[in-house]
Amino acid sequence: MNGYQHLFIPGPTNVPEPVRQSMNIPMEDMRAPDFGDFVSGLLSDLKKVYRLQNGRVFVFPASGTGAWESAISNTLNTGDKVLMSRFGQFSLLWVDMAERLGLDVDVCDVEWGKGVPVEDYAAKLRADKSHQIKAVFATQNETATGVTSDIAAIRRALDDAGHPAMLFVDGVSSIASIEFEMEAWGVDLAVSGSQKGFMLPAGLGILGVSDKALAAHAKATMPRCYFSFEDMIKLNDTGYFPYTPATQLLRGLRCSLDLLLEAGMETVWARHKRLAQGVRAAVAAWDGCELVARGPEWHSDTVSAIYAPPGIDARDVISTAYYKYQTSLGSGLNKLAGRAFRIGHLGSLNPVMLCSAISAAEMSLRDAGAQIVPGSGVAAAQEHFRVTTPDMMQHTTSKAA
Amino acid sequence: MNGYQHLFIPGPTNVPEPVRQSMNIPMEDMRAPDFGDFVSGLLSDLKKVYRLQNGRVFVFPASGTGAWESAISNTLNTGDKVLMSRFGQFSLLWVDMAERLGLDVDVCDVEWGKGVPVEDYAAKLRADKSHQIKAVFATQNETATGVTSDIAAIRRALDDAGHPAMLFVDGVSSIASIEFEMEAWGVDLAVSGSQKGFMLPAGLGILGVSDKALAAHAKATMPRCYFSFEDMIKLNDTGYFPYTPATQLLRGLRCSLDLLLEAGMETVWARHKRLAQGVRAAVAAWDGCELVARGPEWHSDTVSAIYAPPGIDARDVISTAYYKYQTSLGSGLNKLAGRAFRIGHLGSLNPVMLCSAISAAEMSLRDAGAQIVPGSGVAAAQEHFRVTTPDMMQHTTSKAA
Amino acid sequence: MNGYQHLFIPGPTNVPEPVRQSMNIPMEDMRAPDFGDFVSGLLSDLKKVYRLQNGRVFVFPASGTGAWESAISNTLNTGDKVLMSRFGQFSLLWVDMAERLGLDVDVCDVEWGKGVPVEDYAAKLRADKSHQIKAVFATQNETATGVTSDIAAIRRALDDAGHPAMLFVDGVSSIASIEFEMEAWGVDLAVSGSQKGFMLPAGLGILGVSDKALAAHAKATMPRCYFSFEDMIKLNDTGYFPYTPATQLLRGLRCSLDLLLEAGMETVWARHKRLAQGVRAAVAAWDGCELVARGPEWHSDTVSAIYAPPGIDARDVISTAYYKYQTSLGSGLNKLAGRAFRIGHLGSLNPVMLCSAISAAEMSLRDAGAQIVPGSGVAAAQEHFRVTTPDMMQHTTSKAA
Amino acid sequence: MNGYQHLFIPGPTNVPEPVRQSMNIPMEDMRAPDFGDFVSGLLSDLKKVYRLQNGRVFVFPASGTGAWESAISNTLNTGDKVLMSRFGQFSLLWVDMAERLGLDVDVCDVEWGKGVPVEDYAAKLRADKSHQIKAVFATQNETATGVTSDIAAIRRALDDAGHPAMLFVDGVSSIASIEFEMEAWGVDLAVSGSQKGFMLPAGLGILGVSDKALAAHAKATMPRCYFSFEDMIKLNDTGYFPYTPATQLLRGLRCSLDLLLEAGMETVWARHKRLAQGVRAAVAAWDGCELVARGPEWHSDTVSAIYAPPGIDARDVISTAYYKYQTSLGSGLNKLAGRAFRIGHLGSLNPVMLCSAISAAEMSLRDAGAQIVPGSGVAAAQEHFRVTTPDMMQHTTSKAA
């Protein structure tokens, strides 16, 4: 193998050099007398990325899936009614977990390509006069379809209904990449992982918890131990952990937080939007291809799921990219298998890297038989990148492409 | 800070240079078409370290504590009666977890400094004619006290009683370091972690599972998701994982397994015994110090817990070692706080490194007021190391020092 | 900064991950008893890359410029007449060195864009009946202009004239990248450096020396010490060096040689040709751009020097690429400053990386005012890469593009 | 191999972790528009380590031997008379180089174990009324014997004689480790290398040059090219180099300078003295061993050369340390071969590391048949380290142990 293995999956993402350097270290004592100060600073800065003044954050040696489980098992009780929606592989898996952990799930099934059905949620919340619904779940960014939902709108629906349910958000592929305002949006539990916007290897499950959710925790009785808040709170308050933490990743997280906070979250979000627009411009230029997302209001700034042209097996595109062009594209998951491929555009990336992603996709599409014009997508992306810069990008809360 | 920060805690352990190199990598796609072959080979070789022909191994992005939870929640049911013993901080925590997860725990409390009370276990098993005891738990190496228990003897007790209970072993600080024969000893669930004998950063919870335990899994109904065997089996059988694995650590594990298997497990065990004997020779030479382990039959080859001389606060020893001598010693946990310190001697170490550990301890002990003779411990260790070599060491199953 | 800093200069080149890993090491004793075996194996394998059965190779802690000096000062005498040609910044600097070291240089000045004037050399050699010319110098690959000369043809000219002069070759940007046959071509001194085809950081000056040149060394009297063959031979014969070698780079060289020799030099050469052809296809597609090389017979497979369209300052292209697109392109040196930019395409690269290089160049060209069609170069390169593979490429000795 | 390979040679020295991290990088363009600022800052800070306000520093991709050659060939002329002294392998090699480069060397041979004969120098300088002596050479720290000479005293001898000769200092194993005041001591050329006090891999030859030496350069006519000041000055003034610099090492040097200057040179010198005193205390405790240095006025704070007891072959000690104890000790060079071994104690070290060095030496000495008391040296060193701290150490210009 020669040169880079190009990585354009929606996580694990490319690790910035300073972060890579920061993890090239010998081991250390996680009970050292000065380790506590290090941890306290880390948790404090992590809250800034979550845009959280109050509440807490937890960092588990786990994946985002573990953080999902922690969110549920620490704040809900067996049989609790919750409102969820399912419109892609990851929202589907979250529903599956909720059911397996014993929740009474009211699932809204939505066409893949759209996101959280805020109007349906609003109607159900208004109808739930007795407040049986204990929590409302939302996948902010459905990684399988490249669809971003409007979390602030869900908060408005809750508020308009005067409903006290907690708001759970899966932010695994959105937090630290696209706009996320945990406290301003009234999110109670927000799940993330190290291997996406935090630009680290996988291995940390990250959880933001509001004061309201911490209060719910006091009355939550599901069996739990590894993922329990109570043990974590007790030790975190001293700067330590109830069991051996993944110190190497914590050192990497320190570097990642420095990079993110030095840039400023608004700049990070604007950067992701600019990159995503370049990819979408390329997709628009490819004859026969189209985004899985069913409209600009759903466009994700961290990943684009792209339907291959009719008659083309997206698995061929992905396999060719991997074996012939040393490029990892995201696969089509579940019902999208064979129909779509994905380009991850979050984390440590830049326009020229995305030109290479688009080039690899173009060559692979053509090898698979697609009649797209060579260079058409790259040209469109180039022209977008030429006339925009991170500084020129005004971050707004709208998601219009 | 100048020079190495010396690390002599019983985990995380020192990472060998080849393992460190193997983790200095860019990220990769955990769904890549050839990733499955990598994983399959890894799991297969991991079984060799566990000395397991049948059954399975699982690797979770978690700590050993997570693997404990997985072992229980996948094979036992709420209210199941289990037999456990408690003689140090880690066996204590395991009992705590078992109780919190809803098991009916019959706990044998043992003097700290001794290990699993095999005779008591045998008596209880013989008395349990109706086979209410579903599982017998044993901490092979109690990291807090430096005590190793005799797992083969527990197996004999089970067999002598004709008892069908499963045998659970906490091998976090023993597997890949001291003799462990999962299949020959009839162990059903054996827990380990990456940061001990595997010489990796923390972040992987490792679990060996016998065919008998896999059969029990089919009837086990505790809620579980992240740590469930069923999801892991389904995906592992294809070479993949049900959620994002810690790929960087898996690459490190590949290198670690290569080092361990190339040396041969018998050589690895003999090496640990030789190092441990050097440390014990030093302790014997220190006036007023003694091992927490109450006799040679309990001596651990991976960690020595050492009582400071009367009147000396072990916390001063540890703090001085850290701040004045850049050396991390293990602290006295729970009831040993202030009374004992620990020297970890597992993983990637050699005799000269242990001479530095002993030197740091000697200086710190004297600074804390202990009247030990300068150099006495180092001299004793030196003379041991001079006349022994890994090749000369004949590994035997006896634990005599 | 986000994502890779893209590096497309003709050296230092991108370092492969295994090589990077191999240099992430602690220091070692260069007088260790087993270091000699390591060095002996290294020098032996290095000869394979040079395609040298007899003679020797030397590795100096230096740059290629140092190896140039070593070649001259060890085999020639003050006032010796030599035949050189000058057609770019590096051949120019070599002439300058030869003059400063006291040689009597007969310089052939050639239009930049062409290479060694073999016919002129042949005429001069035939005319030199008394064999005053002690050495003939040739820059195999002029890095400034992207021009490759025909070394085998120079050998034929020497042979046809029955001339005994030594043949010196600057192979800094050709050896380990494009065809080089030191022994078959009768090259007597061949200079290289670590930071080009060897894919290492700069810091090693490498020199191949024929038996004939070693014989000349015995009679060469220029003052020399650091770069003297005699000290190096004496110590190298035992596996050591006369002064502290750059051990970290030697460990990297070990890995690099393993990669090169495992692939096979013919495959390495074919790979470079394929990549170069892709870049040349892109240049051909850009309106107004053209190669500095004055014809296919001069095309370099390791670097393309490209004239910007009339009216466009190539310095703007390079500066924009660096600051706006995080891409390092090669600058126009000496008389090419402002007129040309360069794309290095040697070392650890692959087609998708070159698509990113071409994209960066396209965007920068357009930003600088060039009227090229967006995506035109990338499209041409893509179509080339799609229909060729390293396996399909039949390496031949012809240089036709 | 398990655990660290212990490195206690007088260079290459142990690399601090931050420096190691700083060199774990991709390659970069040494002609990048912002590279010049990086280089200018580097050279400026390097002068601070040399304690040089005026003059210049040069950094060559080379070893210290190359910097020696640069010093001579740029400031002296063939046939110039110079005053040198020879009392160990490195001062011997410097004389050899001076002779081979055509200087007329007046050599003072001194018993190995003593250093520069200042009184003899003074007498010769006073006698040289016509100022034939163009330069006086002094090896500040003779690495082979562990002998430090008094450079300030040589300056006084020159001044007392009113002699205008330049003062050349070999500071390879002293600069950045023990007191060195280039400007205050009137040193004109001072040579160092990256792999000693700068705690980097080998590969940089470093040279400090006074304004007086720069003036001499204008009239110096030896042939030179690679090591010429003129090319380096011209390019360095713009922040660049005349040929490809070793950028990876330059990035490491940036980190090293940050560490050194943050600590402060006086602290660095005091730290080395404290470590050296510990080693000397150990040697004093070993029956039959003694320092090669013939008195405290010669004691080196960076390396101790130690005579093995009568009848013991020091080569056995070194070989045993290497193969049995994974420890690299320095060998006895030239006439010290078999008689002495060396412990390097410069660079990134701490007391506990030296306890391990002393332990390895004790075991190896005893294995080789020496009748030293086990632990005796470690005990003496421990007691020294216990009662001293870097903060307690008052740096003074005296060298008394």
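By letter and in written order, the chains are A, B, C and D; residue numbering begins at 1 in each of them.
Here is the rule we go by: a contact is a pair of C-beta atoms (placed from the backbone, for glycine too) under 8 Å apart; a residue touches a chain by one contact, two chains touch by 3 or more.
In UniProt terms the chains read A, B, C, D = Serine-glyoxylate aminotransferase apoenzyme.
For clarity, every value in this text was computed on a predicted model and none was experimentally measured.
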| item | value |
| --- | --- |
| Distance-maximising chain from subunit A - centres being C-alpha averages | D |
| Pair exhibiting more inter-chain C-beta contacts, B-C or C-D | C-D |
| Whole-Å gap between the CA centroids of subunit A and subunit C | 46 |
| Whole-Å separation of chain centres (CA-atom averages), subunit B against subunit C | 54 |
| Computed distance of Cα centres, subunit D from subunit C, in Å | 35 |
| Where subunit A touches two or more other chains at once, by residue number | 4, 14, 20, 24, 26 |
| Of subunit D, residues touching subunit B in the complex | 1-4, 6, 14, 16, 24, 271, 324-327, 348-353, 355-356, 359-360, 362-363, 366-367, 373-380, 382-383, 385-386, 389 |
| Complex contact set, residues of subunit D against subunit C | 4-5, 7, 9, 11-15, 20, 23-24, 26-33, 61-66, 68-69, 78, 97, 100-102, 193, 195, 201-203, 222-227, 242-249, 319, 322-323, 328, 331 |
| Interface residues, subunit D side, partner subunit A - complex | 17, 20-22, 24-26 |
